[in-house]
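Scroll down for the structure; my scribbles are underneath it.
As written, the chain order gives the labels A, B and C, with residue 1 at the start of each chain.
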Amino acid sequence: MSDMYPKPKLVPVPSTNIIPERDVGKRPILECRHLGIDFGGLTAVDDFNMAIGRTEIAGLIGPNGAGKTTVFNLLTKVYQPTRGTVMVDGRDTAGKSTIQVSHMGVARTFQNIRLFNSLTVEENVKIGLHNQIRYSALTGVLRLPAFWREERKAHQRALELLSIFDMQDMAGYQAGSLPYGAQRRLEIVRALATNPSLLLLDEPAAGMNPSETAELMTNIRKIRDTFQIAIMLIEHDMNLVMGVCEGICVLNFGRIIAKGTPDDIQANPAVIEAYLGKRKEG
Amino acid sequence: MLVFLNHLINGVSLGSVYAIIALGYTMVYGIAKMLNFAHGDVIMVGAYVCFFAVSSYNLPPLVGVALAAAVCTALGILIERLAYKPLRQASSLAVLITAIGVSYLLQNGAQILWSSNIKMFPAFFSSQPIALFGGELKITIAAIVTVLACVVIMAALVWFTGRTKMGKAMRACSEDKAAAQLMGINVNATISMTFAIGSALAAIAGVLFCSAYPILTPTTGAMPGIKAFTAAVFGGIGSIPGALLGGVLLGMIEIFASAYISTQLSNAIVFAVLIVVLLVRPTGLLGKQVREKV
Amino acid sequence: MNKLHLSKASRVNFATYAMVIAAYAVLQFMGGAGILSATMRGQLVPICAYVAMALSLNLTVGVLGELSLGHAGFMSVGAFAGAVAAAALPIPSAPLRLAAAMAAGALFAALAGALVGVPVLRLNGDYLAIVTLAFGQIIKSIVENLYIGMDSRGLHTSFLENRLTLREGGLMILNGPMGINGINKISTFTAGFLLVMLILVVIFHLVGSRTGRAIMALRDNRIAAESVGIPVTKYKLMAFVIAAAMAGAAGTLFALGQNTITASKFDFNTSILILVFVVLGGQGRMWGSIIAAALLTILPEALREFADYRMLVYAVVLILVMLATNNPTLQGFFTSLFRKNKRKEAAGK
């Protein structure tokens, strides 16, 4: 699998970013410069610099409490950054809301799953499709032809998207009643439904068994290949991270301590120290 | 100027009553996370108990107040045990509707027991006000007692929640019931205690309210109840100093609005100010801003 | 697949329509045959109005998921706007005048809803509830101080005190705290039935469209809804305004079935009463709201022989029902019953 893509290469500007060779020369889908946020007096994330290629699969790892989810929250404007800029596809997101960033093509999943629990699986996906379904509230109430046409299209599209994870048979189930793994997959499908150019996955393999994780790994690659989008994931399962990510960024105490390919990261002493602690001398 | 001072005194005095009632709302909300709509009717029960103790049995007013506080404490614990405790795990809306049911029950129970005829609440304090500045500034004794009672109650509550074991347990429960339980705190007893204190305060507030507005009917508690609830939200529900601030401000706004703007619209103005405050500070004046964890 | 996805929700919807139509037909037949008591006949229009109120509040509480404690305020706006319109509009045909009055009531209530909606959008949970309560009180105060009269020059209004000097032949319509007297009762059971059906159609069609999905999405999980780009404020406001408009039409229906209306008829207690219908009937469950509203409107009448005790009984019933429906043991019992039925269904297939 790794032979399919050439090895990532280090790009010096704007900072020491890594971007896969095929994406070099194209505008990166995401660029963070000196991104940081303080909560009260506490600096949760500081000087976060990163760029992601248009079809890159990037990993964000680090010990618990390092600030990984906070970075996602900054990217999706759940929190407004205290300093620094986030550019999505070359456009500055300063002052934008979560909703506007979603319209710019950033979709995400959540560490603690956030589905529309009382609605069906299909409705969850259709809510992801919301901005692509084109009819007014009045058309919906009056059930004009546009309603039927658009709903039929949305139904087809929802089933197509669900079929990525082979979930089309669950379309009628209530989302909240799905098993844990299926809920995680549904969140990914819902995010994909918004037609993103950057997909942020927050611990997609949490709570999955090894065979489910292996399947997820294949599916993450499949999603990138089919949709030609960039994916950034936070994950603690190192097999998944090392197996699927092309560039990895390691966060500790809110700062980047290492960036590089999976091989670089695995050999990096700072990373080993952050995860395992310093070896006592003597 | 003196007219203004007169209104100010009236406002602070009315506000003190609201503050005492609001304390009951805010403490119960803080710990049980429920809007106890029956609280206003506990005020009414307290006022009736005191009324009968003093008018029918000729007991001294202080004994009447103590009796009212005792009856309301028991009533508060009883209501919590029978109606709210079984709903600890239920949706907040279910608890709210049950509280409304309890409110109806108290109002209609009172109507059957004591009829809906107006009872004139006896005057405990000399109706002769203290006149200052050659009689231009009049302060009723009732107003002084009300404000003093409010100050004493506030001080006692701040001491209780800050210094005593039970008070600390209360604060722990309002932060996180499960964690408090794991630390060995008896959550049920703590919640009962909160209802007991809130209801005792309601009884005192009922007597003070009726001393100022002596018309007693089974629905007497409804309007001060809603106002005090508003005051609690105004100050930031769940916060004890917030209840005091909200209550006093609300009383002042009400009196000033009816004095300087329009008597008929004073209620509307009170509620309009509340809306404006919530627009500027969505969790009330002293309320904590809670951020949902993502 | 398509069939399965449509079936459950639409089956419930059609059953609800059928239930309302059947109830209308039966009552209409009983009325025609003269086996309906006079009190019951007098209750038909209010029942329809309360059913419509419960349905519209269920849109706010059940579908949007926000607690409103001032829904009667919108009913009040609709009642007074509609009654003034009915008195002022020179439409000879009573049904048409009623329809126009309801439209006016709905319009004014929708405006009030937008006014409430804007501040409400910024708040959450109990703070939102208190703002709706406050608006209910404000609306009551305003209506109690409003004077509207009509003469050959048209409509005249005055606020706080009656300063109207009407020409000869002029008519005082709304008289401050006295409300509106001598209303021409043009509301009919059929009109009430049609209003309920119309509201049902709008709610069901809304819920089944992208708009309703967006509203339910922000009820279930606001943060997730924002993350997929749903404009949360827009849909919250939309749900609020639609619910208010429906309540306004219901208010007009109610008002034009009474001789006299006053602002105190639509106070906090009425808001709570309607909320009780919604909670007892089940949030988001429209047929439940209909049954609860109808039964609980008739119940105090049926308890008339208990005289003084009827409201006490009502309160006790309310508490017991809440305790019973939220009892984990009983809940478990009902779910297991339901599961058994489902299993049977599945086996049948």
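Assume a residue touches a chain if its C-beta (ideal position, glycine included) is under 8 Å from a C-beta of that chain, and two chains touch if they have at least 3 such contacts.
Predicted model, so just to flag it, every value in this text is computed and none were measured.
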| item | value |
| --- | --- |
| Number of steps on the shortest touching-chain route linking subunit A and subunit C | 1 |
| Pair of chains joined by more contacts [C-beta pairs], A-B or B-C | B-C |
| Farthest chain (mean CA position) relative to subunit B | A |
| Chain whose Cα mean lies nearest the overall Cα mean | C |
| Whole-Å separation of chain centres (CA-atom averages), subunit A against subunit C | 44 |
| Distance from subunit C to subunit B - Cα centre to Cα centre, in angstrom | 32 |
| Averaged-CA centre spacing for the pair subunit B and subunit A, given as whole angstrom | 50 |
| Contacts with two or more other chains, residues of subunit B listed in rising order | 294 |
| Where subunit C touches two or more other chains, by residue | 223 |
| Sites on subunit A at which at least two other chains make contact | 78, 110 |
| Of all residues in subunit A, those that touch subunit C in their complex | 76, 78, 97-99, 102-103, 107-108, 110, 114-120, 122-123, 126-128, 130-131, 133, 135, 137, 139-143, 147, 150-151, 154-155, 159, 168-169, 171-172, 190-191, 193-194 |
| Subunit A contact footprint on subunit C (complex, rising order) | 1-2, 4-5, 8, 201-202, 205-206, 208-214, 216-217, 220-221, 223-232, 238, 284 |
| Residues of subunit B touching subunit A in the complex | 293-294 |
| Complex interface listing, subunit B residues touching subunit C | 29, 35, 83, 86-87, 89-91, 93-94, 96-98, 100-102, 104-105, 107-109, 111-112, 226, 229-230, 233, 237, 262, 264-265, 267-268, 271-272, 274-275, 278-279, 282-284, 292, 294 |
| Residue numbers on subunit A that touch subunit B, as the complex places them | 69, 73, 78, 110, 112 |
